[in-house]
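See structure below.
So that you can tell them apart, the chains are marked A, B, C and D in the order they are listed, and the count of residues begins at 1 in each.
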Amino acid sequence: MRFFNRFAQGELRLNRIEAFSDGVFAIIVTLLVLELKVPALQNQRSVSELAGRLVDLLPQFLSWLISFVIVCKFWLNHHHIFGLARHANYSLVWLNVLFLMCQSFIPFPTALMGEHASNPLAVSFFGCVMAINTIAFISMHRYILRHLLKPEFAEAQDPHIILKSFVGVVSYLIGAACAWVSVDVAFAVYLLTPLFFIVPPQGRKVESQTGTSHSSVTE
Amino acid sequence: MRFFNRFAQGELRLNRIEAFSDGVFAIIVTLLVLELKVPALQNQRSVSELAGRLVDLLPQFLSWLISFVIVCKFWLNHHHIFGLARHANYSLVWLNVLFLMCQSFIPFPTALMGEHASNPLAVSFFGCVMAINTIAFISMHRYILRHLLKPEFAEAQDPHIILKSFVGVVSYLIGAACAWVSVDVAFAVYLLTPLFFIVPPQGRKVESQTGTSHSSVTE
Amino acid sequence: MRFFNRFAQGELRLNRIEAFSDGVFAIIVTLLVLELKVPALQNQRSVSELAGRLVDLLPQFLSWLISFVIVCKFWLNHHHIFGLARHANYSLVWLNVLFLMCQSFIPFPTALMGEHASNPLAVSFFGCVMAINTIAFISMHRYILRHLLKPEFAEAQDPHIILKSFVGVVSYLIGAACAWVSVDVAFAVYLLTPLFFIVPPQGRKVESQTGTSHSSVTE
Amino acid sequence: MRFFNRFAQGELRLNRIEAFSDGVFAIIVTLLVLELKVPALQNQRSVSELAGRLVDLLPQFLSWLISFVIVCKFWLNHHHIFGLARHANYSLVWLNVLFLMCQSFIPFPTALMGEHASNPLAVSFFGCVMAINTIAFISMHRYILRHLLKPEFAEAQDPHIILKSFVGVVSYLIGAACAWVSVDVAFAVYLLTPLFFIVPPQGRKVESQTGTSHSSVTE
């Protein structure tokens, strides 16, 4: 009896949480493109007018690109930390719901930044939302490490991983602060933050034999 | 031969029903954000104008937040009750379709309440839709308990679970009634209803050894 | 070597085809609600004005309801016939793509019928699209029965199942024809067609011991 | 310990990458129809006016049709090449993210080409986006063949498969060039490119016993 309950609460639920989360991630990244509205033209056949309109859309393209990379990075990290958990419980489910709520909000600041790229508040708002997303992720990561970690991964964890993850929070907040001086710098910071974490953490691989298992969760 | 049919009707179908339902849940929660429209600005660079527009969006943010939590709560409960079923049959599939139809309708009352937050009918309508959703969920839950319950969970079920679930229906209807007096109170009731059920039912865990299996389905 | 190829072409691919199809079905039914636009109000707090606007939306509610039931019925039947196939091949994949293309078109005639409910062409167009969808489904069903049927289901198949499925095609075309006389009758025919097939085919259960396996695919 | 890490990095991740990718593909093909806007009518009941409006939508129908077939072809090829990989690693994940980014951009050029079908730039832009998509796919395919190929598929691979895949790139670019002379020819080229690859590569089946495993990835 206890076995069945453990199972129902554990692996099975983990699978459906992952499926639900994957669905949300997939929809977010795909919805982002809906913010790119087809421009209206006065002269349907005018190439130069359309070219001009497409150039006007550049901030929105860039905004879409940044959000796409950031959400994919979150998806990859989400994938990683759920692989560390031996099963799920209510706390994890609600931490995950909170995180997905923050994620599914992303299309709004993305569209806001794309349409009002010269407005410091719009650009700064984007960075703050990403910082909150990272905090929501970190709290979920921390909970798994403390309460649900698979025994076989226990010693392979970098003890400073959570602390290192705050680099992402700080980076997004720096971008949000930069927006009040120059929106271009803020765009650059937003774009570089996830790119910085794309490279597999080779260096850490040396410090422990298991290497790959405690990597790439920072953002 | 009978074995194959049983299998085809049973576990396999249950998996695809869950996958389909998870997809619908994931899309609903993610689509909700599309109702948050980026405000147009007269002066593109004006911080104060954008700040004012964002404050105007507060009812829509709140409406989005409430629906997000409610749908996630339904998803969690859906997950739970399908874990109790030993297989699926036509009745369950159509009860599930009816429930998902009610769920996928949610973006409409959410947007309606967000855009017309001062209109009692819009706010009341939201509560009625949620009450109907809860009833659709209860009828599915009741069907599983009566006809498809896995034997190993039979004695672990709280005999009053269905009755208790009607607390959610009543709570949403109270909110819908409150809307005619004060929309603020209605918003509060809608927000508190799912939050009330977030806490894992620790108390009941004592009354039966199996604890976790019959919990969290109330709403 | 042959074994691996068979596996790669067979079961595995079937799983991913089903996952892809389930995703498409889930998105279609959920997108349908986006056609229900929140009405604008001259007086934000006017209950009577909002009530009037919601009543004006009734054709769109009905259109949404009909499409939701029809797509869910197709999903259920899709689920059923893929359970009959022992593996997939290129022909099945492309028949499935063709079918999903017809399915994913459904939001357009649904919105068209909802917004122009008094226009015979809009209502008739809806019925024709559904007839084409049913034909696409039948051709996929027929292909599975002829080329990919699992041996254990071979004798359990109703030899007239494909013929019976054309009842759905004829029914939708009758609805499309009725639209030119009375759109109300057409709406009724569209709504009744899938409802007619909801009931589990009890009668046929008697004629063969395996019963459940060859049922419910008609539409 | 090493075994667990390998597993966590390998098979499991492959499953979730596929699930995530399938979700993105399913959403893209379904979102495409949202670009088909219901036309407004001056006379609600006028059949001839609605018929005229639907005929005006023909370029958008065609644009939707072409993109649908192209994305489904990519999905099928994606499915195929991931079946060749023995596990996933960081490089593959990010190549996949890059590819999905290109894919999820497709609704924009599709809508652009549909709305401005007479504008050479809009039609040409579509072809260029598809060529870039094909290049992104080829780089992912090439990476799998070089670094992650399952040993049992090693000798069954067509050594010229990557070269052959560039036929798709060239074909889309030819279409993009044709757009400046005649948009109709460009539409035809775009439509024929994926159709050309639909037929299962029977010929190659002869040259190696394993046949089916190295086919259909060209585009």
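Following the convention adopted for this analysis, a residue touches a chain if its C-beta (ideal position, glycine included) is under 8 Å from a C-beta of that chain, and two chains touch if they have at least 3 such contacts.
It should be emphasised that the depicted structure is a prediction, and the values quoted were computed from it without experimental measurement.
> Between subunit B and subunit C, how many degrees of rotation does a Cα superposition need? Round to steps of 5.
90
> Examine where the copies subunit A and subunit D touch and state whether the two sides share over half of their residue numbers (same) or under half (different).
different
> With chain centres taken as the means of their Cα atoms, state the distance from subunit A to subunit B in Å.
25
> Provide the list of subunit D residues touching at least two other chains, using ranges where the numbers run on.
Within subunit D, the residues that touch at least two other chains are 19, 23, 26-27, 31, 34.
> Along subunit C, where are the residues that touch subunit B in the complex?
18-19, 22-23, 25-27, 29-34, 36, 38, 41, 44-47, 50-51, 54, 65, 68-69, 72, 75-76, 79, 83, 152-153, 156, 198, 200, 209-213, 216
> Spell out the part of subunit D that touches subunit A in their complex, as residue ranges.
Those residues of subunit D that touch subunit A are 1-2, 4-5, 8-9, 12-13, 16, 19-20, 23-24, 26-28, 31, 34-35, 90, 93-94, 97, 100-101, 104-105, 107-108, 111-112, 115-116, 118-122, 125.
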